[in-house]
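Just passing along the structure, written as C-alpha coordinates.
Chain nomenclature is as follows: A, B and C, assigned in order of appearance, with residue numbering initiated at 1 for each chain independently.
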Amino acid sequence: MQVLTISSVERNQFIDITREVKEAVRACGLCDGACLIYVPHTTCGVTINENADPDVPADMLAHLSAVVPRRADFRHGEGNSDAHIKSSLVGCSALVPVRGGAPVLGTWQAIFLCEFDGPRTRRVQIQCLAASEGRGA
Amino acid sequence: MQVLTISSVERNQFIDITREVKEAVRACGLCDGACLIYVPHTTCGVTINENADPDVPADMLAHLSAVVPRRADFRHGEGNSDAHIKSSLVGCSALVPVRGGAPVLGTWQAIFLCEFDGPRTRRVQIQCLAASEGRGA
Amino acid sequence: MQVLTISSVERNQFIDITREVKEAVRACGLCDGACLIYVPHTTCGVTINENADPDVPADMLAHLSAVVPRRADFRHGEGNSDAHIKSSLVGCSALVPVRGGAPVLGTWQAIFLCEFDGPRTRRVQIQCLAASEGRGA
(Lines give C-alpha, C1' and ligand atoms only; values in the text may rest on other atoms or scores of the structure.)
Protein backbone atom coordinates (compact mmCIF):
# COMPACT_ATOMS: atom_id res chain seq x y z
CA MET A 1 0.00 0.00 0.00
CA GLN A 2 1.25 3.46 -0.87
CA VAL A 3 0.25 6.73 0.75
CA LEU A 4 0.02 10.12 -0.94
CA THR A 5 0.06 13.36 1.05
CA ILE A 6 -2.09 16.10 -0.46
CA SER A 7 -2.72 19.60 0.89
CA SER A 8 -5.83 21.63 0.14
CA VAL A 9 -6.01 25.42 0.24
CA GLU A 10 -9.78 26.01 0.24
CA ARG A 11 -12.57 24.77 2.49
CA ASN A 12 -14.23 23.11 -0.54
CA GLN A 13 -11.90 22.01 -3.31
CA PHE A 14 -11.51 19.24 -5.88
CA ILE A 15 -7.83 18.32 -6.33
CA ASP A 16 -6.87 16.27 -9.38
CA ILE A 17 -4.66 13.37 -8.20
CA THR A 18 -4.76 11.31 -11.41
CA ARG A 19 -1.04 11.66 -12.09
CA GLU A 20 -0.08 10.67 -8.55
CA VAL A 21 -2.39 7.62 -8.66
CA LYS A 22 -0.92 6.49 -11.99
CA GLU A 23 2.59 6.75 -10.53
CA ALA A 24 1.56 4.76 -7.45
CA VAL A 25 0.08 1.99 -9.61
CA ARG A 26 3.24 1.88 -11.72
CA ALA A 27 5.39 1.68 -8.56
CA CYS A 28 3.18 -1.15 -7.26
CA GLY A 29 4.01 -3.22 -10.33
CA LEU A 30 0.46 -4.50 -10.65
CA CYS A 31 -0.23 -5.85 -14.09
CA ASP A 32 -3.97 -6.55 -13.95
CA GLY A 33 -6.61 -6.00 -11.33
CA ALA A 34 -7.86 -2.81 -9.75
CA CYS A 35 -6.57 0.12 -7.77
CA LEU A 36 -8.34 1.28 -4.59
CA ILE A 37 -7.98 5.01 -3.84
CA TYR A 38 -9.05 5.50 -0.21
CA VAL A 39 -9.03 8.52 2.13
CA PRO A 40 -8.89 7.68 5.88
CA HIS A 41 -10.80 10.88 6.71
CA THR A 42 -14.46 11.69 7.42
CA THR A 43 -14.75 15.18 5.94
CA CYS A 44 -13.35 14.58 2.47
CA GLY A 45 -13.93 12.07 -0.31
CA VAL A 46 -12.80 10.67 -3.63
CA THR A 47 -14.65 10.92 -6.92
CA ILE A 48 -14.03 10.40 -10.63
CA ASN A 49 -15.27 13.01 -13.07
CA GLU A 50 -14.26 15.37 -15.85
CA ASN A 51 -11.39 17.82 -15.46
CA ALA A 52 -11.00 19.05 -19.04
CA ASP A 53 -13.15 22.11 -18.24
CA PRO A 54 -12.53 23.48 -14.73
CA ASP A 55 -16.14 24.66 -14.70
CA VAL A 56 -17.23 21.04 -14.21
CA PRO A 57 -15.66 20.55 -10.75
CA ALA A 58 -16.67 24.15 -9.91
CA ASP A 59 -20.32 23.40 -10.76
CA MET A 60 -20.16 20.15 -8.80
CA LEU A 61 -18.79 21.85 -5.68
CA ALA A 62 -21.29 24.71 -5.89
CA HIS A 63 -24.27 22.39 -6.32
CA LEU A 64 -23.15 20.06 -3.55
CA SER A 65 -23.03 23.10 -1.26
CA ALA A 66 -26.54 24.05 -2.36
CA VAL A 67 -27.86 20.59 -1.52
CA VAL A 68 -25.88 20.41 1.73
CA PRO A 69 -25.48 23.99 3.05
CA ARG A 70 -22.85 24.75 5.66
CA ARG A 71 -25.39 26.30 8.00
CA ALA A 72 -28.47 24.20 8.61
CA ASP A 73 -30.20 22.84 11.68
CA PHE A 74 -27.21 20.68 12.65
CA ARG A 75 -26.40 19.47 16.17
CA HIS A 76 -22.71 18.50 15.78
CA GLY A 77 -20.74 21.15 17.66
CA GLU A 78 -17.74 21.38 15.33
CA GLY A 79 -19.76 23.12 12.63
CA ASN A 80 -18.70 20.76 9.85
CA SER A 81 -21.65 18.40 9.57
CA ASP A 82 -22.00 19.53 5.94
CA ALA A 83 -18.54 18.10 5.22
CA HIS A 84 -19.40 14.75 6.85
CA ILE A 85 -22.61 14.51 4.80
CA LYS A 86 -20.86 15.38 1.53
CA SER A 87 -18.22 12.77 2.32
CA SER A 88 -20.83 10.02 2.56
CA LEU A 89 -22.67 11.22 -0.57
CA VAL A 90 -19.53 11.20 -2.69
CA GLY A 91 -17.85 8.32 -0.86
CA CYS A 92 -14.40 8.02 0.70
CA SER A 93 -12.96 5.79 -2.02
CA ALA A 94 -12.89 4.92 -5.71
CA LEU A 95 -11.92 1.67 -7.40
CA VAL A 96 -10.43 1.79 -10.90
CA PRO A 97 -9.68 -1.19 -13.17
CA VAL A 98 -6.00 -1.75 -14.01
CA ARG A 99 -4.65 -3.39 -17.18
CA GLY A 100 -1.02 -3.72 -18.16
CA GLY A 101 0.10 -1.75 -15.11
CA ALA A 102 -2.04 1.34 -15.74
CA PRO A 103 -5.47 2.49 -14.54
CA VAL A 104 -8.08 2.11 -17.30
CA LEU A 105 -9.69 5.55 -17.11
CA GLY A 106 -12.05 6.98 -19.71
CA THR A 107 -10.90 9.79 -21.99
CA TRP A 108 -12.43 12.49 -19.80
CA GLN A 109 -12.07 10.84 -16.40
CA ALA A 110 -9.87 12.35 -13.70
CA ILE A 111 -9.52 11.18 -10.10
CA PHE A 112 -10.29 13.90 -7.56
CA LEU A 113 -9.59 14.22 -3.88
CA CYS A 114 -12.71 16.07 -2.68
CA GLU A 115 -11.90 18.44 0.17
CA PHE A 116 -14.98 19.53 2.12
CA ASP A 117 -13.42 20.92 5.32
CA GLY A 118 -10.07 22.42 4.32
CA PRO A 119 -7.57 23.76 4.19
CA ARG A 120 -5.96 20.59 5.51
CA THR A 121 -3.28 18.05 4.71
CA ARG A 122 -4.84 14.74 3.71
CA ARG A 123 -3.57 11.24 3.19
CA VAL A 124 -4.67 9.08 0.27
CA GLN A 125 -4.06 5.33 0.52
CA ILE A 126 -3.48 3.44 -2.74
CA GLN A 127 -3.96 -0.33 -2.58
CA CYS A 128 -3.53 -2.55 -5.65
CA LEU A 129 -5.81 -5.60 -5.88
CA ALA A 130 -5.20 -8.71 -7.95
CA ALA A 131 -7.29 -9.84 -10.88
CA SER A 132 -8.65 -13.38 -10.76
CA GLU A 133 -6.74 -15.93 -12.82
CA GLY A 134 -9.77 -17.50 -14.43
CA ARG A 135 -9.82 -19.03 -17.89
CA GLY A 136 -10.98 -15.81 -19.48
CA ALA A 137 -8.89 -13.33 -17.49
CA MET B 1 -11.36 -7.50 -18.42
CA GLN B 2 -14.51 -7.64 -20.51
CA VAL B 3 -16.35 -4.71 -22.07
CA LEU B 4 -20.09 -4.42 -22.62
CA THR B 5 -21.57 -1.96 -25.11
CA ILE B 6 -24.93 -0.54 -24.02
CA SER B 7 -27.07 2.06 -25.82
CA SER B 8 -29.52 4.35 -24.07
CA VAL B 9 -32.56 5.91 -25.73
CA GLU B 10 -33.50 8.61 -23.20
CA ARG B 11 -31.52 11.48 -21.66
CA ASN B 12 -32.13 9.99 -18.19
CA GLN B 13 -32.55 6.22 -18.06
CA PHE B 14 -31.72 3.26 -15.82
CA ILE B 15 -30.79 0.20 -17.91
CA ASP B 16 -30.76 -3.19 -16.20
CA ILE B 17 -27.46 -4.92 -17.09
CA THR B 18 -27.66 -7.72 -14.49
CA ARG B 19 -27.86 -10.51 -17.09
CA GLU B 20 -24.90 -9.16 -19.08
CA VAL B 21 -22.79 -8.83 -15.91
CA LYS B 22 -23.61 -12.40 -14.87
CA GLU B 23 -22.55 -13.66 -18.29
CA ALA B 24 -19.29 -11.68 -18.13
CA VAL B 25 -18.48 -13.15 -14.69
CA ARG B 26 -19.20 -16.64 -15.97
CA ALA B 27 -16.96 -16.06 -19.00
CA CYS B 28 -14.20 -14.79 -16.72
CA GLY B 29 -14.19 -18.12 -14.89
CA LEU B 30 -13.76 -16.45 -11.49
CA CYS B 31 -14.75 -18.77 -8.69
CA ASP B 32 -14.55 -16.47 -5.65
CA GLY B 33 -13.82 -12.80 -5.23
CA ALA B 34 -15.65 -9.76 -6.54
CA CYS B 35 -16.72 -8.23 -9.80
CA LEU B 36 -16.06 -4.56 -10.58
CA ILE B 37 -18.60 -2.94 -12.91
CA TYR B 38 -17.05 0.33 -14.12
CA VAL B 39 -18.13 2.97 -16.66
CA PRO B 40 -15.30 5.02 -18.23
CA HIS B 41 -17.64 8.00 -18.68
CA THR B 42 -18.34 11.17 -16.66
CA THR B 43 -22.05 11.68 -17.33
CA CYS B 44 -23.38 8.26 -16.41
CA GLY B 45 -23.01 5.90 -13.46
CA VAL B 46 -23.65 2.45 -12.04
CA THR B 47 -25.97 1.60 -9.17
CA ILE B 48 -27.59 -1.44 -7.59
CA ASN B 49 -31.26 -1.27 -6.66
CA GLU B 50 -34.65 -2.90 -7.14
CA ASN B 51 -36.06 -3.63 -10.59
CA ALA B 52 -39.06 -5.79 -9.69
CA ASP B 53 -41.33 -2.73 -9.85
CA PRO B 54 -40.36 -0.33 -12.69
CA ASP B 55 -41.74 2.50 -10.55
CA VAL B 56 -38.65 2.22 -8.32
CA PRO B 57 -36.10 3.28 -10.96
CA ALA B 58 -38.65 5.82 -12.27
CA ASP B 59 -38.96 7.39 -8.80
CA MET B 60 -35.19 7.38 -8.39
CA LEU B 61 -34.61 9.15 -11.72
CA ALA B 62 -37.35 11.70 -11.05
CA HIS B 63 -36.08 12.52 -7.57
CA LEU B 64 -32.45 12.76 -8.69
CA SER B 65 -33.61 15.30 -11.29
CA ALA B 66 -35.44 17.24 -8.58
CA VAL B 67 -32.29 17.38 -6.42
CA VAL B 68 -30.06 18.15 -9.41
CA PRO B 69 -32.15 20.06 -11.99
CA ARG B 70 -30.94 20.33 -15.56
CA ARG B 71 -31.15 24.11 -15.53
CA ALA B 72 -29.48 25.77 -12.59
CA ASP B 73 -26.83 28.42 -12.16
CA PHE B 74 -24.17 26.30 -13.87
CA ARG B 75 -21.07 27.65 -15.65
CA HIS B 76 -20.06 24.60 -17.76
CA GLY B 77 -20.86 25.50 -21.35
CA GLU B 78 -22.03 22.08 -22.53
CA GLY B 79 -25.24 22.30 -20.52
CA ASN B 80 -24.80 18.89 -18.88
CA SER B 81 -23.43 19.79 -15.45
CA ASP B 82 -26.46 18.05 -13.94
CA ALA B 83 -25.27 14.79 -15.51
CA HIS B 84 -21.74 15.19 -14.12
CA ILE B 85 -23.12 15.86 -10.63
CA LYS B 86 -25.50 12.89 -10.73
CA SER B 87 -22.59 10.70 -11.89
CA SER B 88 -20.55 11.57 -8.80
CA LEU B 89 -23.53 11.17 -6.46
CA VAL B 90 -24.37 7.70 -7.75
CA GLY B 91 -20.77 6.74 -8.56
CA CYS B 92 -19.23 5.38 -11.75
CA SER B 93 -18.81 1.83 -10.47
CA ALA B 94 -20.20 -0.96 -8.31
CA LEU B 95 -18.42 -3.90 -6.73
CA VAL B 96 -20.33 -7.14 -6.17
CA PRO B 97 -19.12 -10.22 -4.27
CA VAL B 98 -18.71 -13.40 -6.33
CA ARG B 99 -19.06 -16.98 -5.02
CA GLY B 100 -18.92 -20.14 -7.10
CA GLY B 101 -18.59 -18.16 -10.30
CA ALA B 102 -21.73 -16.02 -9.83
CA PRO B 103 -22.38 -12.55 -8.40
CA VAL B 104 -23.98 -12.78 -4.95
CA LEU B 105 -26.86 -10.34 -5.42
CA GLY B 106 -29.78 -9.98 -3.06
CA THR B 107 -33.23 -11.19 -4.09
CA TRP B 108 -34.35 -7.75 -5.25
CA GLN B 109 -31.03 -6.36 -6.43
CA ALA B 110 -30.43 -5.48 -10.07
CA ILE B 111 -27.36 -3.77 -11.55
CA PHE B 112 -28.21 -0.61 -13.46
CA LEU B 113 -26.27 1.47 -15.93
CA CYS B 114 -27.47 5.00 -15.04
CA GLU B 115 -27.65 7.20 -18.12
CA PHE B 116 -27.80 10.92 -17.29
CA ASP B 117 -26.90 12.49 -20.65
CA GLY B 118 -28.28 10.18 -23.32
CA PRO B 119 -29.15 8.93 -25.74
CA ARG B 120 -25.60 7.58 -26.12
CA THR B 121 -23.69 4.37 -26.57
CA ARG B 122 -21.77 3.52 -23.40
CA ARG B 123 -19.05 1.06 -22.49
CA VAL B 124 -19.13 -0.93 -19.24
CA GLN B 125 -15.87 -2.53 -18.11
CA ILE B 126 -16.14 -5.74 -16.08
CA GLN B 127 -13.06 -6.69 -14.08
CA CYS B 128 -12.98 -9.82 -11.87
CA LEU B 129 -10.91 -9.59 -8.68
CA ALA B 130 -9.51 -12.51 -6.70
CA ALA B 131 -10.52 -13.46 -3.17
CA SER B 132 -7.75 -13.78 -0.64
CA GLU B 133 -6.62 -17.33 0.12
CA GLY B 134 -6.62 -16.94 3.91
CA ARG B 135 -7.35 -19.74 6.33
CA GLY B 136 -11.02 -18.86 6.49
CA ALA B 137 -11.60 -18.01 2.84
CA MET C 1 -17.24 -14.87 2.48
CA GLN C 2 -18.73 -14.23 5.87
CA VAL C 3 -22.21 -12.97 6.66
CA LEU C 4 -23.22 -10.76 9.58
CA THR C 5 -26.81 -10.52 10.76
CA ILE C 6 -27.76 -7.07 12.05
CA SER C 7 -31.15 -5.91 13.35
CA SER C 8 -32.30 -2.30 13.25
CA VAL C 9 -34.89 -0.81 15.60
CA GLU C 10 -35.74 2.46 13.83
CA ARG C 11 -36.93 3.24 10.30
CA ASN C 12 -33.80 5.35 9.74
CA GLN C 13 -30.73 4.33 11.70
CA PHE C 14 -26.94 4.18 11.36
CA ILE C 15 -25.55 1.07 13.09
CA ASP C 16 -21.82 0.93 13.79
CA ILE C 17 -20.53 -2.46 12.56
CA THR C 18 -16.80 -1.66 12.73
CA ARG C 19 -16.07 -4.24 15.42
CA GLU C 20 -17.92 -6.99 13.59
CA VAL C 21 -16.12 -6.19 10.32
CA LYS C 22 -12.72 -6.28 12.05
CA GLU C 23 -13.56 -9.69 13.51
CA ALA C 24 -14.65 -11.00 10.12
CA VAL C 25 -11.41 -9.83 8.49
CA ARG C 26 -9.40 -11.47 11.27
CA ALA C 27 -11.34 -14.73 10.82
CA CYS C 28 -10.71 -14.57 7.07
CA GLY C 29 -6.97 -14.58 7.68
CA LEU C 30 -6.33 -12.03 4.95
CA CYS C 31 -2.95 -10.38 5.37
CA ASP C 32 -3.04 -7.69 2.68
CA GLY C 33 -5.68 -6.54 0.26
CA ALA C 34 -9.10 -5.08 0.85
CA CYS C 35 -12.36 -5.95 2.54
CA LEU C 36 -15.69 -5.55 0.75
CA ILE C 37 -18.67 -4.83 3.03
CA TYR C 38 -21.82 -5.43 0.97
CA VAL C 39 -25.54 -5.43 1.81
CA PRO C 40 -27.75 -7.56 -0.47
CA HIS C 41 -30.71 -5.23 0.12
CA THR C 42 -32.21 -2.29 -1.79
CA THR C 43 -33.45 -0.09 1.06
CA CYS C 44 -30.32 0.14 3.17
CA GLY C 45 -26.66 0.96 2.55
CA VAL C 46 -23.13 1.05 3.90
CA THR C 47 -21.08 4.15 4.60
CA ILE C 48 -17.92 5.15 6.42
CA ASN C 49 -17.96 8.23 8.62
CA GLU C 50 -17.34 9.55 12.13
CA ASN C 51 -18.90 7.95 15.18
CA ALA C 52 -16.99 9.72 17.98
CA ASP C 53 -19.86 12.22 18.34
CA PRO C 54 -23.30 10.61 17.89
CA ASP C 55 -24.52 13.96 16.59
CA VAL C 56 -22.64 13.28 13.33
CA PRO C 57 -24.71 10.24 12.23
CA ALA C 58 -27.81 12.01 13.60
CA ASP C 59 -27.14 15.08 11.43
CA MET C 60 -26.43 12.86 8.43
CA LEU C 61 -29.69 10.94 8.80
CA ALA C 62 -31.72 14.13 9.35
CA HIS C 63 -30.25 15.87 6.33
CA LEU C 64 -30.64 12.83 4.08
CA SER C 65 -34.33 12.82 5.03
CA ALA C 66 -34.56 16.52 4.17
CA VAL C 67 -33.05 15.91 0.72
CA VAL C 68 -35.13 12.76 0.17
CA PRO C 69 -38.40 13.15 2.10
CA ARG C 70 -40.53 10.10 2.83
CA ARG C 71 -43.59 11.64 1.25
CA ALA C 72 -43.06 13.10 -2.18
CA ASP C 73 -44.62 12.61 -5.59
CA PHE C 74 -43.57 8.93 -5.76
CA ARG C 75 -45.28 6.23 -7.82
CA HIS C 76 -43.93 3.06 -6.14
CA GLY C 77 -46.82 1.57 -4.18
CA GLU C 78 -44.87 0.30 -1.18
CA GLY C 79 -44.26 3.82 0.14
CA ASN C 80 -40.52 3.35 0.56
CA SER C 81 -39.10 5.03 -2.54
CA ASP C 82 -37.19 7.38 -0.24
CA ALA C 83 -35.31 4.37 1.15
CA HIS C 84 -34.41 3.10 -2.33
CA ILE C 85 -33.12 6.55 -3.33
CA LYS C 86 -31.05 6.95 -0.15
CA SER C 87 -29.60 3.48 -0.74
CA SER C 88 -28.30 4.48 -4.18
CA LEU C 89 -26.98 7.84 -2.93
CA VAL C 90 -25.01 6.27 -0.08
CA GLY C 91 -24.25 3.01 -1.92
CA CYS C 92 -24.80 -0.60 -0.89
CA SER C 93 -21.14 -1.33 -0.19
CA ALA C 94 -17.81 -0.02 1.07
CA LEU C 95 -14.30 -1.23 0.32
CA VAL C 96 -11.60 -0.79 2.96
CA PRO C 97 -7.86 -1.46 2.55
CA VAL C 98 -6.42 -4.27 4.71
CA ARG C 99 -2.82 -4.49 5.95
CA GLY C 100 -1.43 -7.10 8.32
CA GLY C 101 -4.84 -8.70 8.75
CA ALA C 102 -6.68 -5.54 9.86
CA PRO C 103 -8.75 -2.89 8.04
CA VAL C 104 -6.77 0.34 7.66
CA LEU C 105 -9.36 2.82 8.90
CA GLY C 106 -8.66 6.44 9.76
CA THR C 107 -8.69 7.58 13.38
CA TRP C 108 -12.27 8.83 13.19
CA GLN C 109 -13.68 6.37 10.66
CA ALA C 110 -16.40 3.91 11.59
CA ILE C 111 -18.26 1.54 9.25
CA PHE C 112 -22.03 2.00 9.38
CA LEU C 113 -24.89 -0.14 8.18
CA CYS C 114 -27.38 2.54 7.02
CA GLU C 115 -30.95 1.44 7.65
CA PHE C 116 -33.51 3.44 5.66
CA ASP C 117 -36.61 1.21 5.91
CA GLY C 118 -36.44 -0.47 9.29
CA PRO C 119 -36.92 -1.95 11.68
CA ARG C 120 -35.62 -5.04 9.87
CA THR C 121 -33.04 -7.78 10.14
CA ARG C 122 -30.30 -7.26 7.56
CA ARG C 123 -27.45 -9.34 6.22
CA VAL C 124 -23.99 -7.89 5.61
CA GLN C 125 -21.64 -9.88 3.37
CA ILE C 126 -17.90 -9.55 4.05
CA GLN C 127 -15.60 -10.61 1.21
CA CYS C 128 -11.80 -10.36 1.51
CA LEU C 129 -9.91 -9.54 -1.69
CA ALA C 130 -6.23 -10.23 -2.37
CA ALA C 131 -3.56 -7.60 -2.90
CA SER C 132 -1.50 -7.88 -6.04
CA GLU C 133 1.94 -9.40 -5.64
CA GLY C 134 3.78 -6.77 -7.67
CA ARG C 135 7.34 -5.73 -7.05
CA GLY C 136 6.31 -2.86 -4.81
CA ALA C 137 3.42 -4.53 -2.96
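Methods note: a residue touches a chain if its C-beta (ideal position, glycine included) is under 8 Å from a C-beta of that chain, and two chains touch if they have at least 3 such contacts.
All of these numbers come straight from a predicted model, not from anything done at the bench.
Counting the residue numbers that touch the partner chain, chain A and chain B have less than half of them in common. To fit its Cα atoms onto chain C, chain A must turn through 120 degrees, a value rounded to the nearest 5.
Here the CA centre of chain A is 18 Å from the CA centre of chain B. Residue positions of chain A touching 2 or more other chains: 33, 67, 89, 91, 95, 129-130. Against chain A, in their complex, chain C makes its touches with residues 32-34, 47-50, 53, 55-56, 58-60, 62-64, 66-67, 89-91, 94-97, 99, 104-109, 129-137.
Every residue of chain B that touches chain A in the complex is listed here, in rising order: 1-2, 27-31, 33, 36, 38-42, 67-68, 72-78, 81, 84-85, 87-89, 91-93, 95, 125, 127-130.
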